[in-house]
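Which chain is which? They are A, B, C, D and E, in the order written, and residues in each are numbered from 1.
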Amino acid sequence: ATADAAPSTEKAPSTADVDATAAAALPAKYKDAGIIKVASDIPFPPMEMFDENQKLTGFDYDLAQAIGAKLGVTMELQTQAFDSIIPSLQSGKHDVIMSGMNDTPERQVTVDFVDYLHAGFSILVPAGNPNKIATVLDLCGQEVAVQKATVQAEILRGYDKQCTDAGPGPMKLSELPLETDVQTAVRAGKAVADVVDSAVASYAAQTAGDGKFFEVVRDPANPAGYDPVYTGIGVLKKDAALSKALMLALDSVIADGSYAKILGKYDMSDFAVDAAGINLGS
Amino acid sequence: MAHATLATPVGAGPATQIDPDDIVAVPLRHPWRWFLAVFLLIGFVSLGISLWQNENINHPTITEFIFNPRILSGVVLTVVLTVVAMLVSTVLGVLLAVMRLSNNPVMNTLAWLYVWAFRGTPLLIQIVFWGYLGLLYAQISVGIPFTDFTIFSMETNTLIPALTAGLLALTLNQAAYSAEIVRSGMLSVDEGQYEAAYSVGMSPVFTLFKVVLPQAMRVIIPPMGNETISMLKNTSLLSVIAVLELYTVATQISSQNLRQVELLLVVSCWYLFLTSVLSIPQYYLERYYGRGKARTLPPTPFQRVRALLGRRPITVRRTESQDAS
Amino acid sequence: MAHATLATPVGAGPATQIDPDDIVAVPLRHPWRWFLAVFLLIGFVSLGISLWQNENINHPTITEFIFNPRILSGVVLTVVLTVVAMLVSTVLGVLLAVMRLSNNPVMNTLAWLYVWAFRGTPLLIQIVFWGYLGLLYAQISVGIPFTDFTIFSMETNTLIPALTAGLLALTLNQAAYSAEIVRSGMLSVDEGQYEAAYSVGMSPVFTLFKVVLPQAMRVIIPPMGNETISMLKNTSLLSVIAVLELYTVATQISSQNLRQVELLLVVSCWYLFLTSVLSIPQYYLERYYGRGKARTLPPTPFQRVRALLGRRPITVRRTESQDAS
Amino acid sequence: MTIEAPASAPVEPLLSALKVRKSYGGVEVLKGISLAVNPGQVMCLLGPSGSGKSTFLRCINHLERIDGGRISVNGELVGYAQRRDRIFEMNPREVARQRRGIGMVFQRFNLFPHMTALENITAAPIGVRRINKQKARDRGLELLDRVGLANLAQSYPAQLSGGQQQRVAIARALAMDPKLLLFDEPTSALDPELVGDVLDVMRTLASDGMTMVVVTHEIGFARGAADVVVFMDGGVVVESGPPEVVLDNPQSARTKAFLDSVM
Amino acid sequence: MTIEAPASAPVEPLLSALKVRKSYGGVEVLKGISLAVNPGQVMCLLGPSGSGKSTFLRCINHLERIDGGRISVNGELVGYAQRRDRIFEMNPREVARQRRGIGMVFQRFNLFPHMTALENITAAPIGVRRINKQKARDRGLELLDRVGLANLAQSYPAQLSGGQQQRVAIARALAMDPKLLLFDEPTSALDPELVGDVLDVMRTLASDGMTMVVVTHEIGFARGAADVVVFMDGGVVVESGPPEVVLDNPQSARTKAFLDSVM
């Protein structure tokens, strides 16, 4: 029914890949349906995006296919705006969320996270770095823009005390609806920097304005970005059995090496988790 | 003609004497009215109960957030933005409407162009335009075009902070819509009114403000009420330039704690409350500007309740014109 | 009184003979009109040039995407949604307006409640409500309340797919706004019109459709034009339930290629185009329903251009009523 | 000629009003009007401004609901229907049907501004009585011709002078072939030249069996055309009778004073 | 008494019209009207419906722009101003100032429906002539009293009968103390009883030096009050002169026919 159902049929799960333990843990409901519907705020490059042929791709997509194969079902990514992503789960339109969603204790009240990434944030500045930002503390007292649905705003507020002690005072944060809004704000001079997941930052630096608009601040002390947080698959609390099955499947994906391959494909090897876990974020 | 006895008297005017020649008739019954009323009452009540008891809704979250200080400051900002934008845009709208109705070709074309451009592009894009004007023009200068002479020059982002940009966008956009409404109101005033006003030596401007607009108000107020209520909610588009009004605050909170349904309900409660508050002045403004139109003013809600209980139609004509539909 | 010679004749009506007793006067000059026109022309042209030459805008992207098939399918969906929602909601709106104006207390209260609830809550929340009705009710059943007897039962998400939910939300919401507009139009019709219609034996419904609404149209059309144009852009709110109309498609594209400004310009071009197309029927509808109101119809754009060139005011009263403001 | 309560009438009157009372917001405008008009009769209502003449006409047509007394037209109560031995209030549809038999011409024309003169006349016959369009048009043109406006059939009311508008309004009322015609100062906005023509039309109608109630200040017309003249003042009937009695030999001092001022 | 072109007038006429022409969309409604009214004179305009009487009045007030000829009031061209030796079109503000000296009473009242009777009268004196509010009110009440409506000062037009509305409209025109008063069938909607009163007011005004142009069908008034009677037909002046000549001894067959039908 959804207008934008991802064309995921071409990679039907082959029984050879199925992980028996994980598949056994999967509730019958999904097994019978043969499908797990994944809500995703497409596109959110490089996590989920389209290739030249308008085929769905991205880290979340590839990982979802691998996990689905382990479970013996199709994982189908469907477009879902972040602002109503929880209602879409509660109403049964979707079963899980894979949208590069950060795992925080606050969110754990509503959903369980099956964590699959551990990554920090990067600072994206206009090409040439006109404000000479070198570390996160250079942002103190300045206008900084972040995307609303991410966890960066909370993390940056954590620097308030350090910034106040240093003199310039806390950062002035603008939380904007979309990552593109954040980048536009930086280009318009409304903010000196865009603070965003490292993977998204390097994509933007490579893509925006054919790579001419932005650059990522390289802080040798934090090569994988600042303040790493977990990113996970969101599953409603009441579907604990599904979380368990997903965790088992993810472990199996990690174990057979395909996890590392997918990470490598998107240049994200720095952000790997050692093993799957539930609600690791703190 | 035999007199029926088993019924209420029709005559119930101030002359209380009941004459044997008065008609004593069975008043027109409306059984389906009551059926419908009861049916809908049951419907609403059971909808309310089922909504309230729904397990997907966490009531403590609602009560926690409804008077949350961030939400409250969002409410205040929403109200301020709405009021300021509506007032300024109405003034602009009247100006544009007058220009648009003029046969002065320059004024007319100008107003038409304005309405075309500002209604034609999405408000969101206008907000982005004003909010990120610095993207297009880093400096705003006032000077003589095509020369180097400048009177004044300033950083765009200093000149137009986000809130100003938001207000500017809402106001300029709304003015285009208001202009159309005011224009339609002015068209509803009889030409004889202009003639009478001119014949006693009123100037066109005086005529506009004392004769035409007061009569146009009757027609203008309901759609302007619409616009005000839309504006209340359009302020939420300012989230793209990080103006923290009610809706933006709520989605910020919900994007962190993922209590999206509960926060949408909080927002709905506030909007419903604000809409209700706004519809009180609208009601009385309508009554005020309706004076002199009908021979008798329409009943107030209080009078309606009395009429419902007393089952006495208020005027014959009105009752008929609507019973049938 | 000496005749002035150095001027154009005033009389230029169909009677072409010029009499020596005709006044030969200097027509009222409007120098500031021309000043303003030239000033604004320069302003617009230089704004256009500077926008076009702005280095922050990548023109090839615009030309690449303006006829992109995904954008085009978004345009089509936007138009379809707008047209269907406006048509259905107008019918509902008329019904609600008639109910609201009735003195029938049940109808009246009902219409009032409807308008209150649907105008009072943000459209976005209504869209989420209809889109995720499954959240509240997994099954929709038609049956006898408080018993187990059901006539019909179906999965909510099957019954109401996203597109239907979106249409439902837009239509029901718009009906509340349209009701207020139609009501104001009906209030603008003179009471004598009802009396005359009733006196020739017209029923209330016939009177409504043949006498009242056609006269109300004059007042209804401009704000309904507003609403249609708003609707065109409100369809973009359907992005929350993944209906891929124009705006949603454009943001999807831009969040991938990160060319937000260019895609907003593409969207603006399309909305401007659609708005312009919509204002043509509005213009002619206004003229059609304006017949019989003024003694002479207002000039068409073509006639205005002629007037501008020929410098001949079209009627004396009109010219005056607006020159002054 | 009977002008007493209907009970004593030798023929069944077409219009009979009995102790009709009507108040507006506490002020009683009609204080018990009783009168009767037999089929084919023309009744002229005279009286000073504010005496309630227009209000009474509106009550006959049920445009206003009376507060007391009763009005019947053609043997039917206006606004009420008798079924078995009980009287029921009529619903709007029945009222509309009843009004088709009663034409009315208003003091202020009330033409439909969005329709041409001809459309004004044919709207009700076509839409309400479902008469064939072409027939209705033909009849409309004939009526327009009768009031001297055949050449203005396609004009909108705003393009007509006051006199022309009132004549269209009369043609509109005639188009429904009513049993009873009510005129509220039909000639007050008419050109003197044309008053005679209109009165001729009205006389023709009367001789065809049309019953009419005419509020007018044209004493000449009342004397020549009326079967009954009623003088109203302050919401009561002061005097009524044949024109030669009421106009030339009034009993009441109030009538005398009014007639002196008018003639 | 002069009714020829103003050049031959012994006193400077207050109103003079010379070869006034006016067309509506190709149809010439006024085909060269020339007439003059001296200060203090009352001119009555008679003529069949559609002869252009109302249009001519509207031209005097510059509510319509004439297509040819010239109208001047009190020595000033209507709608045009002479500076040095050239004639300039007036701007709207100047036109408004000029109109203050010319009162007008319309065929269809045109009261401001959102103002009470008293506010209708005082709106222009207070807003345009900037007269003290209390004074304007007092004068307004006095004028209302003069037209017999002192007790209805607080009523809205919709609450008044036709007759009452027209009387308020007359009081409104008088409130600006105009030099010239134009009446477009002022008594056609008035109660016969009150016509006399209004005519008395008009006669008093005339003897106070008020100049009036009255379109009317009241031959009696024309005979008694007019200094000049003009008979118009088809957009031209057919005949004009003192009432005893035009009314009792008309030269033109057309006038004769019209008067026969009216009297």
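Basically, a residue touches a chain if its C-beta (ideal position, glycine included) is under 8 Å from a C-beta of that chain, and two chains touch if they have at least 3 such contacts.
Given the structure is predicted, the values throughout are model-derived calculations rather than measurements.
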item: Shared chain contacts [chain C and chain E, defined touch]; value: B, D
item: Two chains sharing the most C-beta contacts; value: B-C
item: Farthest chain (mean CA position) relative to chain E; value: A
item: Farthest chain (mean CA position) relative to chain D; value: A
item: Gap in Å, rounded to a whole number, between the CA centres of chain B and chain A; value: 42
item: Between chain D and chain A, distance of the C-alpha-averaged centres to the nearest whole Å; value: 82
item: Touching two or more other chains - residues of chain B; value: 56, 128, 135, 195, 198, 203-204, 261, 264, 293-295, 313, 315, 317, 319-321, 323-324
item: Multi-partner residues of chain D (at least 2 other chains); value: 63, 92-93, 95, 108
item: For chain A, residues contacting two or more additional chains; value: 83-84, 87, 90, 178, 181, 184, 187
item: Chain pairs that touch, as defined at the top of this document; value: A-B, A-C, B-C, B-D, B-E, C-D, C-E, D-E
item: Residues of chain C that touch chain E when the two form their complex; value: 1-4, 6-7, 10-15, 18-19, 21-28, 295-296, 313, 315-317, 319-321, 323-324
item: Footprint of chain A on chain B - complex, ascending; value: 56, 128, 131-135, 138, 156-157, 162, 239-242, 251-252, 254-261, 264
item: Touching residues on chain E, where the partner in the complex is chain B; value: 58, 61, 63, 92-93, 95-97, 99-104, 106, 108, 110-116, 123-124, 127-129, 156-159, 169, 172-173, 175-176
item: Touching residues on chain D, where the partner in the complex is chain E; value: 48-50, 54, 107-108, 161-164, 185, 188-194, 196, 217, 219, 258, 261-262
item: Residue ranges of chain B touching chain C (in the complex, touch as defined); value: 30, 33-34, 36-37, 40, 42, 46, 50-51, 54, 56, 95, 98-99, 101-110, 116-117, 119-125, 128, 135-137, 145, 177, 180-181, 183-185, 187-188, 191, 194-195, 198, 203-205, 207-208, 218-223, 225-227, 229-230, 233, 236, 247, 261, 264, 267-268, 271-272, 275-276, 279, 290, 293-295, 299, 304-305, 307-308, 313-315, 317-325
